[in-house]
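A, B and C are the chain letters, set down in written order, and residue numbers restart from 1 in every chain.
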Amino acid sequence: MTQLPPPSEVKLGLVIDLDTCVGCHACVVACKGWNTENYGAPLGDEDPYGAEPVGSFLNRVHSYEVQPEEGPAQLVHFPKSCLHCEDAPCVTVCPTGASYKRAEDGIVLVNEDACIGCGLCAWACPYGAREMDPVEKVMKKCTLCVDRIYNENLEPEDREPACVRTCPAGARHFGDLGDPTSDVSELVAARRGFDLMPEQGTKPVNKYLPPRKKDVEIDVLAPMLEPIAIDAHGFLGWIDRTLGKLPGGGA
Amino acid sequence: MTKHEQPKVDTSPKVSDEVRQTTCYMCACRCGINVHMKGGEVAYIEGNRDHPVNRGVLCAKGSAGIMQHLSPARLKAPLKRVGPRGSGQFAEISWDEALELAKSWMEPLRETAPEKLAFFTGRDQSQSFTSWWAQAFGTPNYAAHGGFCSVNMAAAGIYTMGGAFWEFGQPDWENTKLFMIFGVAEDHDSNPIKIGLGRLKERGAKVIGVNPIRSGYNAIADEWIGITPGTDGLFILSLVHCLMKAGKIDLDYLAKFTNAACLVNDDASSESYGLILRDEAGKEMVMDRETHHRVPFDQKGVNPDLTGRWRHAGITYRTVMSLMADRYMSNDYAPEVVGPVIGMDANRIRRVAAELAEVAFDQAIEIAQPWTDFRGEKHDKMIGRPVAFHAMRGISAHSNGFQTCRALHLLQIILGSVEVPGGFRFKPPYPKPYTAHPKPHAKGKPGQPLAGPHLGFVHGPDDLAIDDDGTPLRIDKAFSWDHPMSSHGLMHMVISNAHAGDPYKIDTLFLYMANMAWNSSMNTSGVMRMLTEMDEDGNYVIPHLIVADAYSSETVAFADLVLPDTTYLERHDCISLLDRPISEAEAAADAIRWPVVDPDRDVRGFQSVLLDLGHRLGLPGFVAEDGAPKFKDYADYMVNHERREGIGPLAGWRGKNGKAGGRGKPNGNQIERYKEAGGFWMSHIPDEALYYKPWNKAYQDWAVKIGLFDAPQPYLFSLWSEPMRRFQLAAEGQGKRQPPAHLKDRVHKAMDPLPIWSAPFGDTDMDEYPLHALTQRPMAMYHSWGSQNAWLRQIHGVNPMYVPTAVWQENGFEEGDWARVTSPHGEIVVPVAHMAALNAQTIWTWNAIGKRKGAWALEDDAPEAKKGFLLNHLIHELLPPKGDGMRWANSDPVTGQAAWFDLRVRLEKTEAPDEVKPNFNAQGSPVGTGPEELARESDARSFLRAQVQATISEKLAKFKPRGPA
Amino acid sequence: MHPAPSIIVFTTLSGIGFGLLIFLGLGLPALTGWLAFIAFGTAFSAAVAGLVASTFHLGHPERALLAFTQWRSSWLSREAWLACGALITMGLYGAGAVLFGVRIVPLGWVGAAFCLATIGATSMMYGQLKTVPRWRHWTTPLLFFAYGLGGGALLAGQIAAAIVLIALAGVVQVLAWYLGDKALAATGSDTGTATGLWPRGEVRAFESPHTGPNYLTREMVFVIGRKRSTQLRVISLILAILFPIAVLVIVPGHVFAALAIISHVLGVLTARWLFFAEAEHVVGLFYGAL
C-alpha cells in the first residue's frame, strides 16, 4: 500500500564500500541476470542489437572524478541501486498501491501486477533507482533480492542478494541496518558510512563507505635509505662485513 | 488510517530444476560456474563457491554468459565463401563437405611443404592439443596468441625465476602488507585479482598503482603513480639503485636461491666471456665463504659467497652480485637522474624505495612452519617479506618490455619476496625453470610430424629456428635473430609476412578463435587489404583462409571456409595442467567444460572437428590401428590421450578405479567424476611445501608425485641471464651462428644479461608526436566478442578517446567534440572526453569496442560501428624505415612481443563527422541481425507468468475501487 | 524532465477544460439549450481529451482503475477521483442545462469546486516532487490555477475576468521562471553532495554507467540550451498572455476572440513544454547533467 508502514525494526539494506569498488559492473549484470529470471517480469531490452539499446537495470555503476585541492585527481566508482528509504517518496506518490514498503523488513517493492506504468514513482525518487521496463512497461526497481534472501531453496550462505554474492572485490555488504550490532552497522560505524542526499529527507537505509585518504605522503622513512656505500666497491665491502656478522658467516 | 496492507510475495520460489557446474569462457580467467537450468534451458548463471579461481564470485561478463550463449551472432552451419573475400557472402554446406574441402587444401601441403599450412590460434584454451595437432601435421607454423598478448611477462618470468605473473603466479594476498601493481587494467586473472584486492582492503594493506591511467584497480589504489608510458624499467631500476645503496636487500636469499653468487667469466677475450662457471655436470659454481672452494651451487652445506672473485688459468671470475653492483650502484639510476624521464619527483622515488624496504625488512613476517631446502638444510620457520608485486601488459607491451619485466623480477628478488610468505607465489605447474621447458622445434620433413613442440625456450643461438643461411624457418620469424627468445611466436606478424612472402609464401592460413582481421591485428586496414589482395593471376595472395569461430566476427567475413564452433556451454573443453590450468598457489587444479546443453544448430566443438580432420588427413596419433579415428571426439581425447606414461590432459581421478591424482592410467569415468565434483579437480600442496617451492624439498617431491615433472628440479633464479649472454656473445662474433650484420648492434643491446632500460622504439619522433596513446581492457567486455552481448554492449557501446586536462584545455575541447589523432602510420577521427586522473602526456581509450558494420549480428547503425573505434589503425606492425631502409617489426627485439603501447600520436580538434574514421563498408552477415526487443526468460518461467497474469486480469475485470469515505 | 507530448496535452487541455467548466458552473455565462450544449461540449471535450491523453502515457492503461485506490497519499489518485467528481457533477449540471433548460445552481457550484480541486491536484502531482526543486514551489499550483482559470474565462467569454486572470498568469509565470531558475541552486545540492564525495574535492561525473541512454536519462535528464529556453519563454509569453490580452482589449468580438483562444492555447502548450523541459530532476546530478 502506498502509505508507509510504521518504521520497521529490521531494516535490510546494502552497504557499499567506495574504497573497494573497482567499477567492474559485475553487480550490475548479476542483478540483471537474476531479476530477469525471477521476481516479476524479465528485465527487458529495447533495440538490443541496434542503434540505441536501452534495457532496464536495477543497479548501475557510475564513476566520478574528484579533484582534491592538492594532489592528483582521483576516480571513484559508484554503484547505485534502490536505497530502500525509510521515508520513501516513491511509495507515497503511487496512485495504485503497486509501490509499497514492506512492514517486516523495510524492503521497497513494486507489485508489478498492479502497476499502471505511470512513472510517477520514478520521478519521486531522487536517486534514479527506478526504471520503467521498456518491454513490459511496468516499473522496475531493486527488490533487495527478496526472493533470494529468505529463499529456502537456496543454501543458507546463498541467501544474500545476487549483486553481493557476485561482487569480486567484496565491496558490497548486506544486512540489517536496523540492528546496531549487526556486521553492517558496525562497518558503517567504523568507516563513517554516509547517506546519499540527506537533504531529500528520504532517510535511506543503504549506506556508503567513503574512499579512504589517498596519495598520503609519509616522510618519516628517510633513515631507511641511509646509504651504506656510494659505489660498487664499497657496496661489496659492506656485503662482506654484513655476511661476516650473520650467523654462519665466514671470514 | 487503515491497517498497512501489502501483497504476499513468494520469498522462496524454486530457483531452478537443476544446477550444472562447468567452467566459464566469457574470458580466459576460467572461473567455475553454476548453470541453473529450467525446463532444459539455461536460466541463470552464478559463480561456483567451491571453485579455486573465483570462489563464488563472477564478473560482469560471466554473469552475461546466457546472452552470449543465445547470441544472434552465433554461426549456424559450416560456410563456404561465395562472394569476394571480406564481403561476408556465404553458402551453408555440410560438415562432410567442409572437412573434405579443408582436407583437399591441406593434404597436398603435408606431402610437399607442410610449412605452407599456418595454424594460429587466439584465445585458445586447448593449446596442448592444438599444438599437438600441428606437430602431427608437420608444419613449423603454429602458435597461439601469446606473442601479441604478453609474452614479455611470461618469458621474462620464466627465464628469470621459472614462473611468471600472468595467471601463473599470484601475490600472497592473505599476508602481504604492501602491494604494488604495474600496468594492469584487468588481466587474465581478473576475478582472483579483484578478490585479492578486496582482501587487502579488508586488512588495510597498502596498494600502490603504477599506471598512466587511474581507473579500475588504480582508482582504488591508496597511492597512484601516474608514470610516463614506457619508463617503468627506469623507475624500477632506480628503486633497485636506492635499495642497493642503502643495503636494503636480502643477502641471505640472494646468496642461497639466486645466481647472484655464481661466478661469471670476466675475461673479455675468452670464448665464455660472461658465462657462468660450471662443473663437468653443467652445474653453476659458487665460491664457498668458509672454504673458498668453488662448489656446485646445490651442494649440501655450501655458503655461497656473494662477493667472491677467482682467478684461474688467466681468467678472472666475478660474482653476478658484483656485476650488479657495477651497474645499479651507478648514478645513471639515481632518482635525480631518472625522475624527469619518468615524470616523477626524485624524493618520491626514494620514498617508495624506503617504504618497500621498511615493509620487507622491518615488517618481515614469520610462519612457524619448518621446511627443508634442496641442499638438505633444515629451516625451522618461513621468513616472509610482505611486499608483493603484480604487473601485466602495461610494462610488457612495449618494445623494452622484456627487460622491464626482468627489472621488476630483479626488484622482487633483491627484496627476497618471491615464493616467501607475503610475497609473490607460483601456481603449479610452476615453478619450472626455463631449462625444464622444451626447446622450439621448426625443422620438418614433408609427410612427417615435427620432432617436438613448436614453442619453447631457447638457451642460445644454437636453438634458433633458422636455416643455415640464417633465414627464419617460421612464417612469423619467431626464434630468429629478429626475436630470438620469442617463446610464444608472433601471431601479429603472420598475415603481413605471408602477404609479403617473407620469409616465404604460404598456401593455407588456418585461424582459430582470433579476430585477426580486426582488433587483434596491428594496422587493421592494412591487414584487411592483405587478406583481399590478389596476384596477377587473380588468385588471392594468401590462397586459402579457414576460420574456426563461433560467432559472426569481422574475420569470418574474410574466410573461404568457416568451421562453426559451439558456444562454451555446448562443448567439452579441458583446462589442463599441460597448458593453462586453474591452479592456485596452494593447490594444483584443472577443470573441464562439458555440454550443459546441446547445440541447436549444425555446429561442432572445434577440438572434435580437429580430431576428425586429423583422422581424415591420416595424421599420426589420430588414426587407430584399424584405420578408424583414434578418438571419437574431444571428450574421448581428454580421457584417453596420454602425453607421457600416466599423464593425460586431465589430472583428476585417474587410474582404473579413479583414485589416482596426477599420474595414473586413463579412467573411462573421468568426465563423470569431474561433473560430480563441480567441474574441477584440485590437489592441495602440503603445508610444508607451500612456500619456497623452487628450493623446497617437500614441494619438489610432491610435484614429482602428482606428475608435474619427473624428477626434482631445484634451481637458482637467473638474475644474470646466460641465454641472453650467449646471444650477446654471438653478436660479439663468437660461435657458429651469428646475427646478420644489420642486427648485430640491436641484438647486442637488447640481449643484456642484466636488466636494463632503453627508450621504447616508438619514442623517436617525440616533437612530431608528443603524446602516448594507450588502450585498456574494460572489465565488462572481452575484446571484440562482448559486443554481441545485449547486456554488455549497453555498458560499453562506444569508446571516447580520453584526453588529459592540459591537452583538453589547449585544444579548447568541449563535451561532444571530436579530434583527429595522427600517428606516424595513419590517422583516425574520433570522439574525445576529458579525464583528469591521467598522465599529462597520455591519451587512451577502451580496447576493441569499435566494430565493423555488419559484424556480430548488430545493425549497421550500431554505436559500436558509428562512434566506436579501434586504436589499431594507428599502430603499424612494422616500425618506420631506418637509415638502411630496413623495417623492424613493431615488437620487442628479445621476444617479439607486440609493442602495442609504444604508440605515439598528436591530436587536434576537428569538426564532428557522422561517424568515426576510418570506416568500412558493411560486411554481409551470414546470421542476419538480432531481434528488436528482448525480454530474456526461460520458457518454463514465461509460461508460469502467463498463468499468473491471466488470473490477475480476471480479478481486475471484477475489480471496483473503493472511494474516499 | 522529458517533455512528453501526452502529458503536455493532458495538462494543458484538461486545465482549460476544467477552467471553462468552473465558469459554466458558476453561471458565467448562464447558458442553457444549444449554447449550453456547445459550451459544455467544448469543456468536456477538452477535459476528457486531456485525461485520455494522460493515459497514453501509461504503460498499462487497462489497469487505470487501480489508480483510484490510493487517494490517501497519492495526488494522482486524488486527481482521478476529483476529475471524476468534477465530470459527474458538471455532467449532471450540464445535462440539466442542455436538456431541460434548468440550471441547478448549487450543483454548478459544487461542480466548479471539484474542477478547481482537480486543477489543484494536477498541479500537486508536480508541486509535491522534492526531486524537482523548480516545481516544488508555491508558484506551481498558482500557475496551474491561473492558466486554467484564465483559459476558462477566455473560452467562457468573460472578457474582463479573462484579461485579469491571463495577466495574473503572466505575472505568476514570470515569477515562476525567475524563482525557478534559482530553485536548484537554492537546495545546495550538486554532484558533490549527491555523491557525498564533496569533502574530498571537486566532483565531476566521469563515465556514465552505460554508454547509451536509459529510462532515467531519457525521462529525467532532459537538458535544454539557455538560448533556446529564452526564445521559447518569449514566444510563450506573447502567445499565451500578451497577444490574447491585446486582442481582448483592442478588438473585442467573436472572430478575434477565437484568434486569442488559439494563440493562448498554443502559448500555454509552449509554456507547459518549457515547464517540463526546464525542470531539473536531481537525478541529473548523478549523471553530471546539472
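In the analysis below, contacts are C-beta pairs under 8 Å (C-beta built on N, C-alpha and C of every residue); 3 or more make two chains touch, one makes a residue touch a chain.
Source: prediction; values computed, not measured.
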Problem - Of all other chains, the one whose Cα centre sits farthest from subunit A - result: C
Problem - Pair exhibiting more inter-chain C-beta contacts, A-B or B-C - result: A-B
Problem - Centroid spacing, where centroids are CA-atom means, of subunit A and subunit C in whole angstrom - result: 39
Completion exercise
In whole angstrom, the CA-centroid distance of subunit A from subunit B equals 31
Exercise for the section: Please report how many Å separate the Cα centroid of subunit B from that of subunit C, as a whole number. Expected result: 61
Exercise for the section: Spell out, as numbers or ranges, the residues of subunit B touching 2 or more other chains. Expected result: 2, 794-795, 797, 835-836, 863
Exercise for the section: Would you pick out the residues of subunit A that each touch at least 2 other chains? Expected result: 1, 3, 25, 28, 52-55, 57, 63, 65, 67, 73-76, 114, 134, 136, 211
Fill in the blank from the handout: Residue numbers in subunit C touching two or more further chains are 63, 66, 68-69, 72, 204, 206, 209-210, 212
Problem - Contacting residues of subunit C [partner subunit B, same complex] - result: 62-63, 65-66, 68-69, 71-72, 81, 204, 206, 209-212
Problem - Interfacial residue positions of subunit B with respect to subunit A in the complex - result: 1-2, 4-7, 9-15, 36, 38, 43-47, 49, 54, 56-64, 66, 72, 190-191, 194-195, 197-199, 201-202, 214-224, 226, 242, 244-248, 251-252, 255, 288-290, 303, 305-307, 321-322, 325-326, 329-330, 350-351, 353-355, 357-358, 362, 779-780, 788, 790-795, 797, 835-838, 857-859, 861-863, 866, 929-938, 941-942, 945, 948-949, 952
Handout entry: Complex contacts: residues of subunit C adjacent to subunit A
Key = 1, 57-61, 63-64, 66-70, 72-77, 80, 125, 128-132, 187-189, 191, 193-197, 199-210, 212-216, 218-220, 281-283, 286-287
Problem - Contacting residues of subunit A [partner subunit B, same complex] - result: 1, 3, 5-6, 17, 19-26, 28-30, 32-34, 36-39, 41-55, 57, 63, 65, 67, 72-77, 100, 102-103, 109, 111, 113-114, 134-136, 146-147, 149-154, 157-158, 162, 165-171, 211-212, 214-219, 221-222, 224-233, 235-236, 238-240, 242-243, 246, 248-251
Handout entry: In the complex, subunit B residues that touch subunit C
Key = 2, 794-798, 835-836, 863, 953, 956, 959, 961-964
